[in-house]
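The next block holds one structure in the form of structure tokens; read it before the comments.
Residue numbering begins at 1 within each chain, and the chains themselves are lettered A, B and C in the order written.
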Amino acid sequence: VKKVPDVSVTLRQIADYIGGTVVGDPEHEVHAVVSPEKSAKNTVSVIWEERELGKMGGEGFLVGPPSFFNGQREGVLVSDPREAFVKLLFLFKSPNKRGKGVHPTALVAETARISPSAFIGPFCVVEDNSVIHDHVVLEAHVYIGANCEVGAHSVIEPMAVLFSDVLVGERTLIHSGAVIGCDGFGIIPSRCPKERPVKIPQVGGVVIGDDVEVGACSTIDRGTLDNTYIGAGVKIDDHVHVAHNVRIGENCILVAMTGLAGSTELGEGVIMAARSGAKDHVKIGDRAQVAAMSGAVKDVAPGVVVSGFPARDHKEHFKAQALYLRLPEIFSRLRELEKKTKSLEEEKE
Amino acid sequence: VKKVPDVSVTLRQIADYIGGTVVGDPEHEVHAVVSPEKSAKNTVSVIWEERELGKMGGEGFLVGPPSFFNGQREGVLVSDPREAFVKLLFLFKSPNKRGKGVHPTALVAETARISPSAFIGPFCVVEDNSVIHDHVVLEAHVYIGANCEVGAHSVIEPMAVLFSDVLVGERTLIHSGAVIGCDGFGIIPSRCPKERPVKIPQVGGVVIGDDVEVGACSTIDRGTLDNTYIGAGVKIDDHVHVAHNVRIGENCILVAMTGLAGSTELGEGVIMAARSGAKDHVKIGDRAQVAAMSGAVKDVAPGVVVSGFPARDHKEHFKAQALYLRLPEIFSRLRELEKKTKSLEEEKE
Amino acid sequence: VKKVPDVSVTLRQIADYIGGTVVGDPEHEVHAVVSPEKSAKNTVSVIWEERELGKMGGEGFLVGPPSFFNGQREGVLVSDPREAFVKLLFLFKSPNKRGKGVHPTALVAETARISPSAFIGPFCVVEDNSVIHDHVVLEAHVYIGANCEVGAHSVIEPMAVLFSDVLVGERTLIHSGAVIGCDGFGIIPSRCPKERPVKIPQVGGVVIGDDVEVGACSTIDRGTLDNTYIGAGVKIDDHVHVAHNVRIGENCILVAMTGLAGSTELGEGVIMAARSGAKDHVKIGDRAQVAAMSGAVKDVAPGVVVSGFPARDHKEHFKAQALYLRLPEIFSRLRELEKKTKSLEEEKE
């Protein structure tokens, strides 16, 4: 992908931004941050492992610890290159350059209120009584149902859907294909053949806090009666399912393909690893973790790491799993014992 | 979420609708049904567990069994509060107030036929020869491919896609982000390095019955030659995948993240629990159940509950699973036996 | 689904196309290829199993091996009916009949370049500097972000999203609801309560090769610094997640609900079966396979088939799994041994 070089900063600016010391001419221009293998003129690479250093070409600039500067290399000297890396990415990430105003093709209901500093992209639909706050960006093809509210500086990517009664906080980012406020799956199974399952109407909404991220193709269902709730700072990856009435505390992380069944409750700072899950009504305590591919079927205490299905203490599960892998050996040792015991019994007779 | 109070009913109307007896002034107005914790003036809460009763404030109305009315409380007395709860939700669920007609921004092919009572929302596209029946609602941004048919009173939510050759029954609800009629994954793997896998064209369609629900971000692929088939009354949650040539009998329930591989067949009233699956060509009998996180790799007899992967009779699986968790104990008992046997053998010598 | 008979070919044309010999009048007309159960006038069915032959009605044409033609049946005689079946489907698959040109409702940035032979459907958005090559079809409601490129003859289905910096090769097919180039999930978890997790900006792009297929509701995240890379000929089913910095070699197959964590690397011709996965940074060798419902947590050597979680050699896993199912028996044999040993010990005293 050949990108338009839309960023140009000097080594001095980089040093100021990430907190470091320039090595060489502070007016050198930098157009991109790249991996060491792609180091070239006007690029900068951040390195914290010695073995990465050899991959760099001679013309690119370096951000690294003092020991990596050998007298020839120019760049910026830092004490914590990892931290510098994240900061540097923010510097080079093109800021969203959307202006403000409602695109002429967008459809905004008369009763909706749009801040003059917000951007409403092409083909967006904003329904009755919804409120879009300052500096919000709705990219193209965003659907906002009735009675929604989107907090200041939040961004909603193309093809995302907010049904009615969804409240989104400030600085929140909702990715494409996310569906928020869809009916919860409240279904009463049929009790006898030929009877239809019955759908329970879902009249609650969804409340999403500040600084949240919701990944592509993720779904957050509306509550049955109250609101499904996502606390501030929660980060949700792609293909995650949050069912009706779930409550997620602040700063939780839900990795891709995680599924939370109805009315589960997560404390603060919980980590749900990839493709993990929790049974309905399960409570997971503050800063607990559910390992990848695992499913919690009962409450998890704060700070505890659980794994497996049904999930339990990670160390316990690990022991059982290790023995599972040794089952063929265990079985042959059992058979060996059976032989010996039989022979002992026979001798006795 | 501050909702506009768009519903106002009296206790008398509630009693009539759900079948109960008014306690107090039948002309009291009710604007919302809420959980007991949120009970307040002009709200009603339905309670069937004693411990919930204490959570109610003094001003809200109650729907509950006779024993919960202590002389002060007003509301509606019912014999089956759970059933009353579902009915009450229907009463308060704002009916879809869409009018009728084709929105001026929608694009409808000349050869398509749209009932005068249907609503075609903003930015919808309806392609050649498709038929939209009476009182259908296509919300904004719905794509209907060629040769489709959507039955009376069905609703399709924003950003849902029906490819060509998809037939949808009556009163069916398709949620946002659902993709119906996408190519089945008919791929012939390459037999040697450098060879491309070959895509098998998929020329069948999809038939969906009456009273079906398809969740957000769920996919139902078209058949290779015949139609993928979803029987009447089937309820499908979010993130569910139904592959090509699958046949699902009436009234089945597919919970979130379930996956059915190609040509699987479900009888009537089957329940596929969360993140369950079935291997291609597997047949699952009437009213059978596949437990959460389980995968059926061979046929399941009618009425049987299976779990695990590979799935088998739930009781059998449960026994094995319980012993799996006890593997460390089993292993130490085995080692103990080995010691004892060795010592018996040595003594013998 | 009643389809418009938009294809009409003669037996002679079929024989020429699939490489066979006409049996009967070469000018007979055929309007559809159907399964044997649906055989009727002007249809053709392909049969390679004797038991399927009995399901055919008398009026339909047959494509099959010589032994299936009994003197009455007309059709086309072939040596390899399976191969003929795939070819025949290509003949009957209606070619995409989109014309060329930009639909009047589509919005194309001034700096974007669109080939005159490309079709840009209704409500499409193409942002700055993007390039759409010859004969590309963007169906309705496709979003193409800035600095993208879509190679000749590629097709993008309704509601698919390409964020900025996505390069798509030639003859590639991207299905509805797919989201390509979304931010990778680079999140630094909080180290103490109340601290927010930190999002690492993602400035890389996505490169997708020629002849690729990306299924409905699948996501391919952009790289952190470099590009996420999908090799030529790769076939991706629905609900698949490809995280940031992943590299997939040519001709791999990823079946539905597969998830690849960040920076995994797949060689050429790898098969990831349904709902399989790989941990971050894992390398899977050429033509290796990960079985359904399995998760690779360490590197897999070329050509090896692994299964289970944690995945290991399929045969080893199979043995352990078989014994897992026999755990109740193993446990009762263990208890039996304990009894016998105890009795041997007691006798000894």
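Everything below uses one rule, namely that a contact is a pair of C-beta atoms (placed from the backbone, for glycine too) under 8 Å apart; a residue touches a chain by one contact, two chains touch by 3 or more.
This one's a predicted model, so the numbers in the text were calculated from it and none came from an experiment.
Rotation angle, subunit A onto subunit C, C-alpha superposition: 120 degrees, expressed as a multiple of 5.
Two copies of one chain, subunit B and subunit C, form a contact in which under half of the residue numbers belong to both partners. Subunit B and subunit C have centres, each the mean of its CA atoms, that are 25 Å apart. Residue positions 123, 141, 159, 177, 217, 239, 257, 324, 330, 334, 337, 341, 344 of subunit C are each in touch with at least two other chains. By the touch criterion given at the top, residues 107, 123, 125, 129, 141, 143, 147, 149, 159, 161, 163, 165-167, 177, 179, 182-183, 185, 187-190, 193-203, 205-207, 217-219, 221, 224-227, 239, 241, 243, 257, 259, 261, 277, 279, 295, 309-310, 312, 316, 319-320, 323-324, 330, 333-334, 337, 340-341, 344, 347 of subunit B touch subunit C in their complex.
Of all residues in subunit A, only 1-4, 33-35, 38, 86, 89-90, 92-93, 105, 122-123, 139-141, 157-159, 173, 175-177, 211, 213, 215-217, 232-233, 235, 237-239, 250-251, 253, 255-257, 268-269, 271, 274-275, 286-287, 292-293, 321, 324-328, 330-331, 334, 337-338, 341, 344-345, 348 touch subunit C in the complex they form.
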